[in-house]
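Each of the two complexes below includes chain A, the first together with chain B, the second together with chain C.
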Partner chain A sequence: MLETGLIFRALMRNKMGAILIALQIALTMAIMVNAIFMIQDRQQQMKRPSGIDENNTFYLTNTVFAQDHNFQAELQTDLNTLRKTPGIVDAIQINAIPLSGGGWSMSLQHEPGEDKDAIGSALYMVDEHGINTMGLNLIAGENFSQEDIQWRGQGQSTWPPKTIITKAFAAQLFPDDWQTAIGKTFYISQTQPMQIIGIVEALQAPWNGWDGVERSMLVPFQMESSSSYYFIRTEPGKRDKMMPIIEKVLAESNKGRIIRRITTVEDTRKRSYRQHNATNKILTTVVATLTLITSFGIVGLAIFSINRRTKQIGTRRALGATRWQIMRYFMVENFLISTVGVFIGSIGAIGLNMWLVSTFNLTPISFELILFGIVALLIVGQLAVLYPARKAALIAPATATRTI
Partner chain B sequence: MLVMKNVNKIFQTADIQTHALRDFSLTVNEGDFLSVTGPSGSGKTTFLNIAGLLETYTNGDFLLDGEDVGKLNDKGRSRMRNEKIGFIFQGFNLIPDLNLYDNVDVPLRYRGFNAKERKRRIIENLDRVGLASRLKHLPSQLSGGQQQRVAIARALATDPRFLLADEPTGNLDSEMAQGVMSLLEEINQQGTTIIMVTHDATLAKRARRQVQVKDGRVSELDLVNHRAIA
Partner chain C sequence: MFNYYLKIAWISILRHWGLSLLMICAIGLGIGAAMTTITVNYLMSADPIPHKSKQLYYVQLDSWDVNDPFDEGLNPPDQLTFTDTTNLLNAQKAFRQNAQAQANGVIEPNDPELLPMSVSGRANTADFFTMFDVPFIYGSGWTHQADVNKEQVIVLNKVTNDKLFGGEDSVGQTIKLDGNVFKIVGVIDQWQPKPRFYDITTGAFNDSEDIFVPFSMIAEQKIGRSGNTNCWKPSGDGFSAFLVSECIWTQFWVELKTQQDKEEYLTFLNAYVEEQKAYGRFLRPMDNRLSNVMQWLENQEVVADDAKMMMAMSFMFLIVCLLNTVGLLLAKFLGKAPEIGLRQALGASRATLFSQYIIESACIGLAGGLLGLVLAYLGLIGVESLYGDYMQGLATLDSTMMILALVLALISSIVSGIYPTWRACNIQPAQQLKSQ
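Right, the complex of A and B next:
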């Protein structure tokens, strides 16, 4: 028969240690649940697909220093060379790399003019090979044609009349039905019309921490620039083999430029989320340390309590308690303390989360996570008290008759 | 009935062997009131611990209420202590954080009685020792004599066949000691077998039967001439 009532009443008459442990459990719960929530949030962010065929793509920087450089002709030569190289699926020139941290953004607005509502988007300048090279999934409308591609000079402020946008961007422009975005005209740079001709499933912006990271647009531009990226897609499994080959081919084909920073998109993703990973490791360490300290606290209180009550335990054994009943006494006692702790901790966790939500624009914590925190700490409590409880159960009943 | 035949208890440390009981043979019959006297270190408490199943013995035979104690495991001994033995300790051994009601409740919970039965037994036994009106008091709010009465109520609550008392008046003044002794006599007259270890020769004489323990051996005392019977 459980002695819950007796244990509770005994605790109430000797509550300072129990209150301190309950508060420690509450604090651990509040911090643990929110730390796990933040870890999960970062993990979710890291799991988001970029939309690109990351396993088979890489890019490099092409920087021209020769004075008599013909940008247009040499870009076409480079792209033709790359596209014809065995093992290469496709290649493009591009102004920015998703998740790289650096890029362009522009805003589209429903109506022309100043002071109109506009939605920001990352902007990638590509030719008609852009979708194939990046491995994007065109889910509505059509790709650019060769005739759509324009040359963009240094400092040019006009834009082509067509664009392809991501589904997330279309959904933001047309919350009721993203597919109705096809054929619609929007305005870029406040007054220049731009028609949406296609929608791709996903293409992330260069900035992973931006709340509009899923909003991107492709514009049919090729750049007359002394420095730009070449983005290259290989046949599956050939990326690492092709990277040095391509570097050599490009470097040898034109001595008036430098080929550098050859990087895979996978590495870019890793670098992009390096801080997320580091923060998650720190948070995991905090959670583990706090849990460990709380466990030590529970063990310490239980051992202190057992040492203080050695004779009482012997008396209970003399009165007929089995070893299991003595163990159960301390486990139930810990369960009661932990229950109070996790109850206060749940309130604390929700309070802390409300502050985090309002301060850092996070999503609210889930009920499941609170429940996980409750169950986890109750289990930790029971495991922590197991050793002291077992020690108590081994106290000899003859202790009851000892006078010292 | 308690029967010990040639029971030995040897405490063994790294290099010392101590014979606490030597060929200890004793029979305690139903309804006996037995006092156990003897000098300090003679083995009285060891005998009481073994009789009360608080400690195991090294060898010999021990039957309690017809059951061979040597064959019981720890759980079996716990069950037998709870069902057949009541303890009264020199220091009362009440649980200081529990009130009188809850203190008497402790062994009843181990027995598994339902709440109604437990309440009946608690009130009946606290009433028997004259403390039914102080159910909610803590042990610290009672005198030594009253605390020992609560301990007696706790010991009786499970309806034990044997009441083992270890210096039950050792921590009481003479007036309180007389009161507790009278209560034990009354309990014995109602049929409970009592084995009482005491230093107090005067109190020991109030028992119906006396044994003396010396160097781990027991001898019956002649109640008329106060001589040990071989």
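Right, the complex of A and C next:
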């Protein structure tokens, strides 16, 4: 286009306004691209499946305070009651809840010994109903049998000889082929052998921010502990109805304990990712307001420059310029400014990302996102200038003949 | 003169109300966003015990695995073993010392009408209350003698006392905790340090505890312990084996009056570790640390990454808003070129014009600052409702923050006004008059 050079020279005569707009666009782009990147990153984290049947499960804390009690008998009674209740699919006692933030971790190592490398994993103590209650998908090997389940006394340091682990954990132990983990023996607590008898597709650890969140192991233990969780799975759609019933049944069956913190797994997930959600909402608001402010800035400055040039525009019109040509002038002008802006903005976005990567351990940004930012801001610029440009196009040719 | 300039500014703002509104909104949004995040960061990094935070020290000893250092060797473990805490406590080398761990239990109220209740607890030694300036409504903390004699005494917080005794003075009465009878020696008033500096291992912004009992109650198994436990070496079976294990789950604070006391205490710690090395412990290189409250909070990165990142983002946001304001002011002032030319021709000096337009910018800035305060207030409510418990009490505007908001708005609007004003003052009167 021939007039591009003309527009550029006209811009150079009044640089400051254009520079300010370009800088605004650049900063907006740097922030926008990085914010969107962080939002996507968090969304991806939140999307990871926990491996559990989240819609139909809940749990509660059972705290025994009476002094003379028989842990083993009481647990068996409770579990029998729960499992027989209509509407309940299955129930277990467990030491920790996925994504809840609190739990237990242990490491497995290929060889026994103090100075051998070990890989950490979340540890869940369950019985043979564990897989069914949580709704896990056993993809290789077998479940625990009733004979595998041991009682774990308080402070006990020995471990049962069998375990079921997640696919992600198996893949970490056997990077070549996770399936070969079945039947292999590893060492827990540095020296105690433990054989992998099964692999489940997924089961997340209690800590969502941990890089090993997909590594979990099931251990066939029932705990003689004054405080533990009961994890319960209901028939589809019956969870909310069953929760108060179960709470009442348990509380009334034994007065020497407290049943508290009855919570759905869905709520636990929500709570677990509450910060993620909040940050995402704030970032979204920031991006939206920022884009709005920048476009208002474009509108404001364009209107002023048009007002200042009313007479010149009128003259051009009088000399035969069409409305479209006037509009095009301002749109091309904005396009030139925006191009400079997004160019600086791309550098800024990468710079900001590098700083975020080094300060907050984020991952580097993708090229597509920068491209998206460029296109988005060019479009925003064009849309913002549309209204002032239309206003300019409506200036009558007769204006040229007026003095003021 | 000043009043006259204010009047002129007011007229000018009203005449271009659309543009003025746009600028006020831009500054308001920028200040609002910046203040929201500054406030959260400010409260997260606040000194929870300002008058003595430099005299309270958190003790760290590197008792960890020689093959696999804690925190990749950057920092010693964040807690101590029970063995070390007990030894340091018994040595009594500091002005005050507090051994502590998190605990929990179930209280069976004496009143049969009330249901048993689960309480969060802390097992600590007598100095806890004096070191951390815990306020009491009734009674006081227990004595050193009570620690030594392993007396079953307890301090309740206000909420628990309200629940159990309807808020009355319960000192001297007993309660049943986990089946054991404890004698109440004190009730503490509302006390919620933010951050909860004395124990940040389970979250820096958690609530303070419902009950406090002597540290010895854990070893005596009169109360169950909770909180984080971290082990590198397998321990034997049973609780007594656990107590002598290398697992870390206790914390130790000392109060030291002077720099010299601190150096002496560090020397003592080094000598202690040397001595323990003889028993085959502490195989890692010596790395004993004493961190005062603020150093400890910083070391443990109490200010969340999210909060810092948001603050950086909001400052960039503010810059965009200011660039916006500069552009709009420029447009506005240059649009007044004929008027400026006329005034100059009539004898207005550059200094007069300069102060006049700077005052106009400042007025816009102040209005923007007020709007920003309202937005920051709303923003903080939003932040609190989005983040929930995590941000509880971290989202309030105090007077310092309000003044800061207005000052920030004023400074940024004056700074953004400088260039446009300078340009306006350099307008050639002759040219302007000619074109009219």
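One rule holds for everything that comes next: the second predicted complex is superposed on the first by the 399 of 404 C-alpha atoms of A that agree within 3 Å, B and C clash if a C-alpha of one lies under 4 Å from a C-alpha of the other, contacts with A are read in each partner's own complex, and residues count from 1 in each chain.
Here, a residue touches a chain if its C-beta (ideal position, glycine included) is under 8 Å from a C-beta of that chain, and two chains touch if they have at least 3 such contacts.
Owing to the predicted nature of the structure, the values given are computational and were not obtained by experimental measurement.
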Kindly classify A:Pro397 by the partners it touches after superposition: chain B alone (first), chain C alone (second), both, or neither? first
Can A:Thr191 be said to touch chain B (first), chain C (second), both, or neither? second
Determine, under the contact definition given at the top, whether A:Glu3 touches first (chain B), second (chain C), both, or neither. first
Determine, under the contact definition given at the top, whether A:Arg13 touches first (chain B), second (chain C), both, or neither. first
What is the contact status of A:Asn277 with respect to chain B (first) and chain C (second): first, second, both, or neither? second
Classify the contacts of A:Gln43 with the two partner chains as first (chain B alone), second (chain C alone), both, or neither. neither
Does chain B (first) or chain C (second) touch A:Arg317, or do both, or does neither? first
Name the contact category of A:Gln325: first (chain B only), second (chain C only), both, or neither. first
Per-residue contact with chain A, leading partner among chain C and chain B: C
Return the residues of chain A at which the contacts from chain B and from chain C coincide. none
Write out the stretch or stretches of chain C touching chain A in their complex. 19, 22, 25-26, 29, 33, 65, 67, 105-106, 108, 115-118, 178-179, 224, 233-239, 241-242, 304-306, 308-310, 313-314, 316-317, 319-321, 323-324, 326-328, 330-332, 334-335, 382-383, 386-388, 390, 419, 423, 436
Where on chain A is chain B touching in the complex? 1, 3, 6, 9-11, 13-14, 311-312, 315-325, 396-398, 400-401, 403
Given the complex, residues on chain B that touch chain A span 45, 48-49, 52-55, 74-75, 78-79, 81-83, 87, 89-91, 93, 95, 97-99, 102, 105-107, 109-112, 138, 154, 158, 166
The answer for chain A against chain C in the complex is residues 16-17, 20-21, 23-24, 27-28, 30-31, 35, 38, 63, 65-67, 114-115, 153-158, 189-191, 226-227, 258, 260, 271, 274-275, 277-279, 281-283, 286, 289-290, 293-294, 296-297, 300-301, 304-305, 307-308, 352, 356, 359-360, 404
